[in-house]
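Shared chain: subunit A. Partners: subunit B in the first complex, subunit C in the second.
Coming up: the complex of A and B.
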């Protein structure tokens, strides 16, 4: 190839430009323009701008001024932050407890059903196609605290309740997580199911010959083989739940008594109610930083675990 | 039969505990899944056709005192569900077109044309995947209010929803990975036959990538149908709002029976679409999980 290439000299500058053009150099730029422009406008520059904004005072009315770390100290000393942090962690924990085993169990079970599996699949995926806002409004009605509410009348048949659900500081968060689990379980179980089709079945034969029962086979053969996807889904779920907004915003608006105020709700209030964009981006940057650290630590921890 | 085995073997199925226990679990699970999956939808159907009194007094009554067919046209005209659904469709289709345009052309450059600066762009796209979305929420909103350099305001235009949707790193990387798997010989052969880059793109790469284009299209439409916070921020004009944004506002002002019929109409279309295209849906979602790995 090097023999064919003309030596670079001043005279061949125009020619090399011409060969660059003829070999499609210009059209490569034209093809790349949509991607570069949309990312420049809607991805790369907002990220940079977010970092810049967090060091500025900006309310869109007066010209922005540099304030150093003032936004961060304001956000970190906000008396609502500890409560919001605890609530967000609580949401993530509950979502993990409720939402993690259900889809996994469902997927392992469905994969055992040869012919009827698709029916379970379709039905359990139904909640995932209901638009989240419609689902939340519907569940909000289900959680009606009066004795005639849907859940309260069902529990009433068994002599339980009535419960205050969303009006109770103790029950509001579990109620929200229950809905979120209902909405998300189908989609997650489909992903596990896709991973389960890759499990090598001859290992079951070997395990059975070694005298492993059904549960042992699930625990020692099935789950280790889809460990990769389980770990990733767990991390994605954590990152998602740390940024939860729609559910608490529409169910309770953060109440009762700030029992469901999450970090993202605080960011929303700073930016779109108080008009303090500096504080909002400062908290966003902090949350993003925590999530990045979490991802790295998670990766290191699970890597060590999967080696041993 | 031997290569089709699962966790439970033929020998297991002969044991009495498994022989009776398995169908029992199966039935229990089926009932559970039906109650969770179909129950709320049936309840919504019943309530959408009931009077407000029926819904409030006896939400768990199996049969309402009378079927109020009038609720559905009422919701359509008085709550204007029709126009909100129209907006939702416009937003979904626009997001679909902008996403597909950006991610097919972008992946084509990065995977097939491979210019010298390609790896830099790939790296910059990949980097955004690792940053949580929260970091750009507020600055993105400010970008929409006043586009840098260009200076105009995109708020209350559909572009404010269509364009940011296209800047999704996940779609581009998925598309690039698929394009990477197209044999280079095919591309070289087309080049030797004198195909221009545009022709290479439209006549070779795109037709070969129908499956992945379908998956990205499906995921984009579902995503934009579900989106709430972003359209709430950039489309404050009620005439432009999609149904997700309009519903909570409507719910605060209308009587419960109309509210339920409005919810029913909002849920009906995605559910019917899902039931019709269930195979493609489930395959697409499963595939997206495989890609995450």
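Coming up: the complex of A and C.
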């Protein structure tokens, strides 16, 4: 640290350099260097390279050709983009309305249990342990469109259905959100649970003395106390849902009739079906830009409510 | 709902695009990288398409072939990988520079890979190992450029026909030896199957580019085409493709004979077909292998007829496999690779002892002998080869009669020349919409798809 101070003379400069060295400054750098280099190479160089690619016509075999903004104008005028955008927003909206409250509710519910909380913990976290591909194949069984499918049989007992599920352009996206909620809720509720342990018990006691019931305690104590985490998780979820890929890719391949084609699926198709890496990276860059803006706007909007 | 744990996967995808970029670093292959040929020099080649570990017998046979080849060619070292062609990942593998020296690819690839310099010119090396004369000149066109230079070796040809479940035919009161040959018959048979058995009379591939692939096939069978000869424009926005979609629409919504699943890829549809849930489906005859071997279908239940036609014999879509060689291979590697291809794929056609041994090996590995196909060589050579192997046939060839007949009578029409897989990908949603949306407007769907595809072809 002393190195940062402006040295008054050459002599004191050397002395402070010596102090810096003796106090372990060099070894700190030596220790940090591999990490920084690894990070630069594996994390930042692909990002920079992606940025470069988005301005090139490049199939990664022939010599790349600079095309300026042609890739961007191509992806922005692609007739598939509006639908992919709408689908992605629709997924994010459904996930926000139906998926977001679930883990919160789970966490509050589990934390209120006096015994066997661990059991519920394990049960709610279990879906996160199942590999996504296996889980999705399992859910494909559940969504079997014939009357003999798992969900259709169950609903059949009540005289409902059979529903086409993934085979219906209207139901496919909600069906995907349902699976995604099931798969993701456990991991998120663990984070909420951790936050809940940080809420001071005196607050609950005080509320109880004031005659607050369980719902009032949750509303007036629990939620305000963990609002910081809630806001962060909401932002993370928004970013995550904008990048949804695995579920539509494995469930429907983007169908039926592009009803579940998301932006990331479109990027995937540009790159791996069309071999058009310029268009793929251009759309990735645009998506990254939108997410950055979204994060900043979100931060400004929610600053008033956040703890820090 | 937040999927912290799966972020990695999502970001990873974006990263993958970029990482692939990082590895390849725009290497430009050159056709004359290796200089003069030295057939004695030590050389190492890598072979793709190694069987996966769930097929131990196939692996053993594969390893044995490698060992025999290496014993016969002491200067060539052969390594192997599981890398195989898949429309969904092939571009990434090409870009990533991770291809083996030799692997199988689809007929749809060379048209775009040759101008992109993603395949090496192997014309001279082919002459050197004496392979050129065996190849069927019509099939060879797939891997040639305008000057007749050759960029790959066609090894396997198929054409699309109609796979049907003989047991379901019987239950529905249909003659299992008389598959439908026109689309009107298909529709009528499907109605009968669904009515009598409750199963899907007919099912259609719709996912992972297969929807476009089969719409193309149907369009051909109705007398239409999908792309102009030079590959610059789409040509499907006309009567034949409309007729094909209208037929699907009628079977789906008026007759309700197509079951309840309308999102099928190859594996999924073969699984349901083998399980007896589907009466008829468009397939190439190699579907037999997977249906019987992987999904336990009874050989006696499998039937394969000609591609149904509408208004006169128009033809059927053909495709196949090509052995490609890595564009980065040196001349010595190319020669070694061609020797390998010759020993594995071609010697058996001209050597009776080898043909018989090969048949015996297939049977020992629970494989199939005698399943009908189309030859990449002259018909004469192929017929002689089949005669040698006839005593070992373990496939009920008579159940393929309708198909075999059609390979002689129906014209073989190639897949779209330019960006076929992209065209297929853009046609998938068209078929999906017709099958999942009752009020789908076929005219508008085709017009929209044509404008999207023309934009891709022009790029």
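Here is the rule we use: the second predicted complex is superposed on the first by the 265 of 308 C-alpha atoms of A that agree within 3 Å, B and C clash if a C-alpha of one lies under 4 Å from a C-alpha of the other, contacts with A are read in each partner's own complex, and residues count from 1 in each chain.
Quick note on the criterion: a contact is a pair of C-beta atoms (placed from the backbone, for glycine too) under 8 Å apart; a residue touches a chain by one contact, two chains touch by 3 or more.
Keep in mind it's a predicted model, so treat the numbers as computed, not measured.
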(Q) For A:132 in the superposed arrangement: first (subunit B), second (subunit C), both or neither? (A) both
Q. Looking at subunit A, does subunit B or subunit C touch a larger number of its residues?
A. B
Q: Report for A:64: first if it touches subunit B alone, second if subunit C alone, otherwise both or neither.
A: second
Q: Quick one: classify A:201 as touching subunit B (first), subunit C (second), both or neither.
A: first
Q: Have a look at where A:301 lands relative to subunit B and subunit C in the superposition and call it first, second, both or neither.
A: neither
Q. Can A:236 be said to touch subunit B (first), subunit C (second), both, or neither?
A. both
Q) Does subunit B (first) or subunit C (second) touch A:45, or do both, or does neither? A) both
Q.
Looking at A:124 after the superposition, I want to know if it touches subunit B, subunit C, both of them or none. Which is it: first, second, both, neither?
A. first
Q: Determine, under the contact definition given at the top, whether A:292 touches first (subunit B), second (subunit C), both, or neither.
A: first
Q. Thinking of the overlay built on chain A, is A:272 touched by subunit B (first), by subunit C (second), by both, or by neither?
A. both
Q: Please identify the positions on subunit A that touch both subunit B and subunit C, taking each partner from its own complex.
A: 45-47, 49-50, 53, 60, 132, 144, 187, 191, 233, 236, 243, 245-246, 264, 267-268, 271-272, 277, 280-281, 284, 288
**Q.** Residue numbers on subunit B that touch subunit A, as the complex places them
**A.** 2-9, 11-12, 18, 25-26, 29-30, 33-34, 36-38, 40-41, 43-44, 56-60, 98, 101-103, 105-106, 108-110, 113, 115, 121, 124-125, 128, 130-143, 145, 147-148, 163-164, 166-167, 169, 172, 196-198, 201, 222, 225-226, 228-229, 233, 243-245, 247-248, 251, 256, 259-260, 263, 266-267, 270-271, 273-275, 278, 281-282, 285-290, 292-293
(Q) Quick check on the complex: what are the subunit A residues that touch subunit C? (A) 45-47, 49-50, 53, 58-64, 74, 78-80, 95-96, 98-100, 102-103, 128, 132, 144-147, 162, 164, 166-169, 180-181, 183-185, 187-188, 191, 233-234, 236-237, 240-241, 243-246, 252-258, 264, 267-269, 271-277, 280-281, 284, 288
**Q.** Residues of subunit C touching subunit A in the complex
**A.** 1-7, 9-11, 13-15, 17-22, 24, 26-29, 87-89, 91-92, 94-97, 112, 116-118, 206-209, 259-263, 265, 327, 419, 421-422, 425, 428-430, 432-433, 435-437, 448, 451-452, 455-456, 459
Q.
Can you tell me which positions in subunit A touch subunit B when the two form their complex?
A. 24-25, 27-29, 31-32, 34-36, 38-39, 41-47, 49-50, 53, 60, 106, 108-109, 111-114, 116, 118, 120-127, 129-135, 137-139, 141-142, 144, 148-150, 153-154, 182, 186-187, 190-195, 201, 204-205, 208, 214, 217-218, 221-222, 228-229, 232-233, 236, 239, 242-243, 245-246, 249-250, 264, 267-268, 271-272, 277, 280-281, 284-285, 287-288, 291-292, 295
